[in-house]
Amino acid sequence: MADERGPVVDDEPPMRMREQIVLQVGGRLLTPFILLFALYVQFHGDFGPGGGFQAGVLFAAALVLFGLLFGVDRVQQVIPVSVSEVMIAVGVLLYAGVGVTTLLLGSAFLDYDALSAEHGQHWGILLVEAGVGIAVAATMTRLYYAFGSLHPDSEPAAGEHGE
Amino acid sequence: MSAVGTLLAELFAEPGSGWIAAGLLLPVGAALLVALLGWVARSANLRDGATVVVGVASAATVLRLWGPVSSGERPRWLLWSFAPGGHLEFVVEPLGLVFATVASVLWVVTSVYAFGYMRGHHEEHQTRFFCCFAIAIGAAIGVAFAGNLLTLFLFYELLTFSTFPLVTHHQTTAARRAGRVYFGILLSTSVGLFLLAIVWTWWLTGTTDFRPGGILAGTSPGVLVALLLLYGYGIGKAALMPAHLWLPAAMVAPTPVSALLHAVAVVKAGVFSVLKVVTMIFGVDTLRGAMDRVAWGDVLIWIGCFTVLSASIVALRQDNLKRRLAYSTIGQLAYIVLGAAVASQIAAQGAALHIVTHAVGKITLFFCAGAIYVGAHKTEISTMRGIGWRMPFTMGAFFVGSLSIIGLPPLAGAWSKWGLILGASQAGEWLVVATLAASSLLSVGYLLPVVLQAFAPRQGGAAGGEDAGVQEAPLLCVVPLCLTALLCVVLFFWPTPFTDLLSGFAGGPP
Amino acid sequence: MAAAEATAAAAAPLPVRDLAVVELGPLPLEVLLLALLGLTAVVILRTRELFPAALLTGVFSLINAGLFTLMDGVDVAFTEAAVGAGISTVLFLGALSMMDRSERQRPPRWRALLAVVLTGAALIYGTFDMPSYGDPQAPVHRHIAPQYLAGAEAVHIPNVVTVVLASYRGYDTLGETVVVLTAGVGVVILLGGRRRRRSAGVGSTIEAGGRDGG
Amino acid sequence: MAAESVGQGLQQVALSTAFDVHFPALEVVLPLVAAPLCFLFRSRAFARILSAAVAWLTFGVALVLLQKVLAEGTVRYPLGGWAAPYGIEYRVTVAGAWVILVVSLVAALTLLFDSRGSASRLAPERRYLYYSAFLLCLAGLLGMAITGDLFNIFVFLEISSLSSYALIALGRDRRALMASYSYLIMGTIGGGFFMIGVGLLYQMTGTLNVEDMAQRLPAVLDTRTVLVGFAFLLVGLSIKLAVFPLHQWLPNAYTFAPPRVSAFLAGTATKVSYYVMAEVVFVLFGAHFVFTEIGLGAVLMPLSVAAMFVGSLAAIYQADLRRLLAYSSIGQLGYMTLGLSLANVEGLTSGLVHVFNHGVTKSGLFLVVACVGYRTGRTTVRSMAGLGTRMPATSLAFVIGGMSLIGVPGTAGFVSKWELIRGALAAERLWLAAVVLVSSLLAVVYVWRVVEMIYFGRPEGLESLGRDGEPVREAPFSMLLPTLILVAATVVFGLWSDPTLSVARSAAVELLGGAGG
């Protein structure tokens, strides 16, 4: 174990990877497939293992991998911090929105059968899983932004604010 | 809205309940009015005028209840239940009516005196003072009319809280220290012991209602005596030694407060509660039986006797007039506790009467002490030599009050002391009789020297430099104290309203 | 045995069929993985260097995922692998990049050790009366699960786990999603106000509030 | 209902068409939806108005629910339309409705409190995050009290816990971070224990619905698994409830959190845990098992008494007002758990009525301290010196709230204490009544220290100046109003205790009657 930490522990661990050409090429190739796999897991949750939660994590993992290799900035060009935050809320609201919709349709909260007599369960599950996926992916990405973009010299500011 | 409606309906549902409400609420109204006029309108005269007007109204309301009560009615007012097993209920019976009368009538007198004193002294925060004063009187009337132990306890605590700002009026370090003792003792005894005793009673009987003849019949004698002890010390306002310490400590207060505390509201609420508990929770017969059957059944009597004698001896040694009066009060309060502890009807009546006579006598003495302070700026007895010639009314009243406290005819104190001694001797409590006799001698020893000192011939010519500033206190101070001194005399010749009302109050169910 | 009968009785609504209880003895692979899991845990505890410790937690999660797979909990294993071994390791590393990388020497914490031992002992004690692993008569399999299976079949969703999570217990899953949101809000509250200075250039440091003090 | 539906596939529960059937769901969903909305719109003004509106709405809904429960008995709501043991069911009991009423009331009033004083570590333009976390915490607490499903309790426990860690960490003092961290560690252990307990019980019963589990537990009560599961549930909840000696996270958390957060959490968080504990003890396992067979009373009662004394004693020695109030809370929680450990109607009633009485009192007091902190810039006992004349209303509020902590007759605190004493007597324990009374004398000491400082203390030097360098004056009306409402409630419900007591009593009767399903 002690040997393995060598290249990583050096200063600025994540940054160092930018110079590893093999990793970069491999990562560039892998990322789209991971994203695709995430989508598969998302929508195949009805039939096989998986669902929104796992898909969201996978999706974020792809972004994280990309970020580790090419820098957080590059990821943030695609998904800015503000977008990631918005998507967290959107995911949760999508889920809760399904519930509110069924409730407004006169059935119980989250009673998918209110959506459609025949396919209500399918639609409902699809929608809420999408909500979970969006929320989880966005949250994980946001967490990564929070931790991955910090540097040892950016100590928390001491400033305090009144309102 | 309906709640208010129900309240009003209940208020006048039973005869007399409206008067009870008025008696209780008028002082509260006075407090509000005082606050309004003092803080908002900022008019001292209006404020003080309002106090007197409402005070008179409140006294009249209480006096209005004499008629029905003496004809055997027991007006009651069930307000609401504030806890299961605890209703806020008021019942007017003779003993409570006597106490309420003393409190409300003397409130008016004390108020008038207080105007003179506070203005003569240019005291600050007078509005707060009179506001708390009014609330304290309301609380005292609440104690008097309480229909059960919990209601009594509620107002008992309200009395503690409302008098605290009065005791610590000057907000000095000394006041804070005294306030701590005052509050600490009164609150810890009441919460730690009194409330426990109430809870125990309620556990034993399932009720806390006051009933003629008591509710504890059939309880084992040992428990009864233990309970009696709990009540005796739990009601810290009765100032049994060693729970008496709050009383001398409270002497830092302005004198009208001392008069109120020592003659009217606080201490009397204490001994009244003891008396009421003994007569209407234990029942004198039940208690008598228990005391005879338990070896240490007389323990409260021993404590009472000890308190009487030691307080009197301590009083002998005090040079500060207010402190001497405070210790005298402790001794005199123990009379009433003794009257209750003897557990005979006659002694209980004597004790009840003593609430009245001692109140009138002691308030006179305190008024005098305050008047001396205002007029002569003296607090120590040793410096009062000859002031009687300059303040004849004040010191004359002091003399009358002293004789009443000592218990000499033709002054009111004689009747109550007579009743106590009679009751004790009938019950065979010779220790109590001896103590009362000894205490009378001791009170001669600590009160009359003050008078002698005041009327002693002045040394070194007429206008001694020291006495130059001495003059009679303002009229607002002198008139009330003459009035109370007069009452001491009147009550000797005309005690019948009280004696009639109180006759047989300690007996069983009518 | 009494306990086993009791559990069977508790599952009364369904007739107790005379199923041959398959005694699923511990498989060699499971024993191996469990031993590895324990070993990893001990190594994590003993390591003072935080970097390998963080990586080892990833390993720990992977082994766990393997165990879950063996127990047919594929969905759980999937999650464990993705979250435990993937994202959280990266987050650990990110957090480590801003602090000391080795733990300070500390005296052993006996109270904590005692608490852990007690908890472990209680857990092991609690397993004594559990239904055997894979016992088809276990209450878990007999009380509500059949309804879930039937329900999933009726709507033609083969993955029962998805039906249970998203529909039967969909509200729980909403709650879990909100937990994720809460975590996001918490992190944004605590860390989100800080600006990256080195790579984002000078401009962003002078944004409103500048040093927000997160 | 189970037998007929098996094999039918998805079975649905028909709901009546009236809209108020959805109130149980709305109670939790409202704040749950409002939280991401605040997060989405990133506007402080929007978040502030929305959160206050939602809190008052939940209060209104809670009122309606309570009335409904009292009139019609337990209100059930099948989430997702799935019947009880299969889906998650909201089961609004009297006790649950009572607790959500307290939680939403305290939330509504603390959100009404002008936040000018609560300087936090958030920059003004990011304050919407605060409201988002606050709403999440509210949703979590409401969800815990309203749900009838053990795992669902855990989920909402996590929501409320996580958000409260974030909220506490927002305190202006840097020590807030450490306080939040240690609460996080303890809270996570507590939550984890609860989860383990739920898992073990699920193993033995195959269900997560509280009532269903309660029916199936008696058959397996003598197994070691159930026993251990019960222990884990109880210890986990005890941590969240700050039962002595698991209380150590509480003082720092309440001391360093932003003022309004202290006020909110002090009035609600532990109270909800109390309700869940009562539910686990009386509904899930039943008083007979818990108290007769296991003898929990022999453990919980001494611990409660210890908490009463240790908490109050520690409060006496605190220099910081909020820490003083926090230790006082530990003592007051002791009264509540003592009531629970008596396992009779009076005892449980006292605990449940104290949920309201203490919640209102303590939140009011924390708001008083917030007012003082806003004007003086400090929250030490010293900072109260001489406030009696300069902040008369605030000072009076503290005195009244303090009296309620002591249990002075006429305040709400007395009502709870009286009921507790009744409980002790009903359990034939006169000494316990004496202990309760003596312990309240300790409250006199710590309250009186502050009161003396208010009316007798003399500010020295710069202490007479507020934080803006000007003389200290009365707090602004927008801060005073909610504070005074809470404090006035302690007097109103101290004198007019019929409504609070009767609800608490029916809740207690219901919980005790729920033994064994």
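By letter and in written order, the chains are A, B, C and D; residue numbering begins at 1 in each of them.
Throughout what follows, a contact is a pair of C-beta atoms (placed from the backbone, for glycine too) under 8 Å apart; a residue touches a chain by one contact, two chains touch by 3 or more.
Quick caveat: nothing in here was measured; it's all calculated off a predicted structure.
The chain pair with the larger count of C-beta pairs in contact, out of B-D and A-C, is A-C.
In terms of Cα centroid distance from the overall Cα mean, chain D ranks first. Distance between chain B and chain C, defined via averaged C-alpha coordinates, is recorded as 72 Å.
For the pair chain B and chain D, the distance between C-alpha centroids works out to 45 Å.
Work out the mean CA point of chain A and of chain C, and you get 19 Å between them. Chain A and chain D have centres, each the mean of its CA atoms, that are 34 Å apart.
Multi-chain contact residues of chain A (touching two or more other chains) are listed as 85, 88-89, 92, 96, 99, 109-110, 112, 121, 158, 160-161. Shared interface positions of chain D, i.e. residues touching 2 or more other chains, are given as 10, 32, 36, 39, 79-80, 121-124.
Residue numbers of chain C whose C-beta contacts span two or more other chains: 155, 167, 170-171, 174, 176, 178, 181, 183, 188, 192, 209, 212-214. Partner chain C is touched in their complex by these residues of chain A: 1-2, 4-5, 8-9, 12-14, 41, 45-51, 53-54, 57-58, 60-61, 64, 68, 71-73, 81, 85, 88-89, 91-92, 95-96, 99, 109-110, 112, 121-122, 124-125, 128-129, 131-132, 135-136, 138-140, 142-144, 146-154, 156-161.
Looking at the complex, you find that chain D touches chain A at residues 10, 12-13, 15, 17, 22, 25-26, 29, 32-33, 36-37, 39-40, 77-81, 115-116, 118-124, 127, 172, 174.
Taken in their complex, chain D has these residues touching chain B: 403, 406-410, 414-415, 418-419, 421-422, 425, 430, 433-434, 437-438, 440-441, 444, 448, 452, 455-456, 494-498, 501.
By the touch criterion given at the top, residues 2-3, 5-10, 32, 35-36, 39, 79-80, 82, 85-88, 121-126, 129-130, 132-133, 136, 139, 143, 149, 151-152, 155-156, 158-159, 162-163, 165-166, 169-170, 193, 196, 200, 202-207, 216, 219-220, 222-229, 231-232 of chain D touch chain C in their complex. Against chain D, the residues of chain C that register as touching in their complex are 2-3, 6-7, 9-11, 13, 119, 122-123, 125-131, 138-148, 150-151, 153-155, 167-172, 174-176, 178-179, 181-183, 185-186, 188-190, 192-193, 208-209, 212-214.
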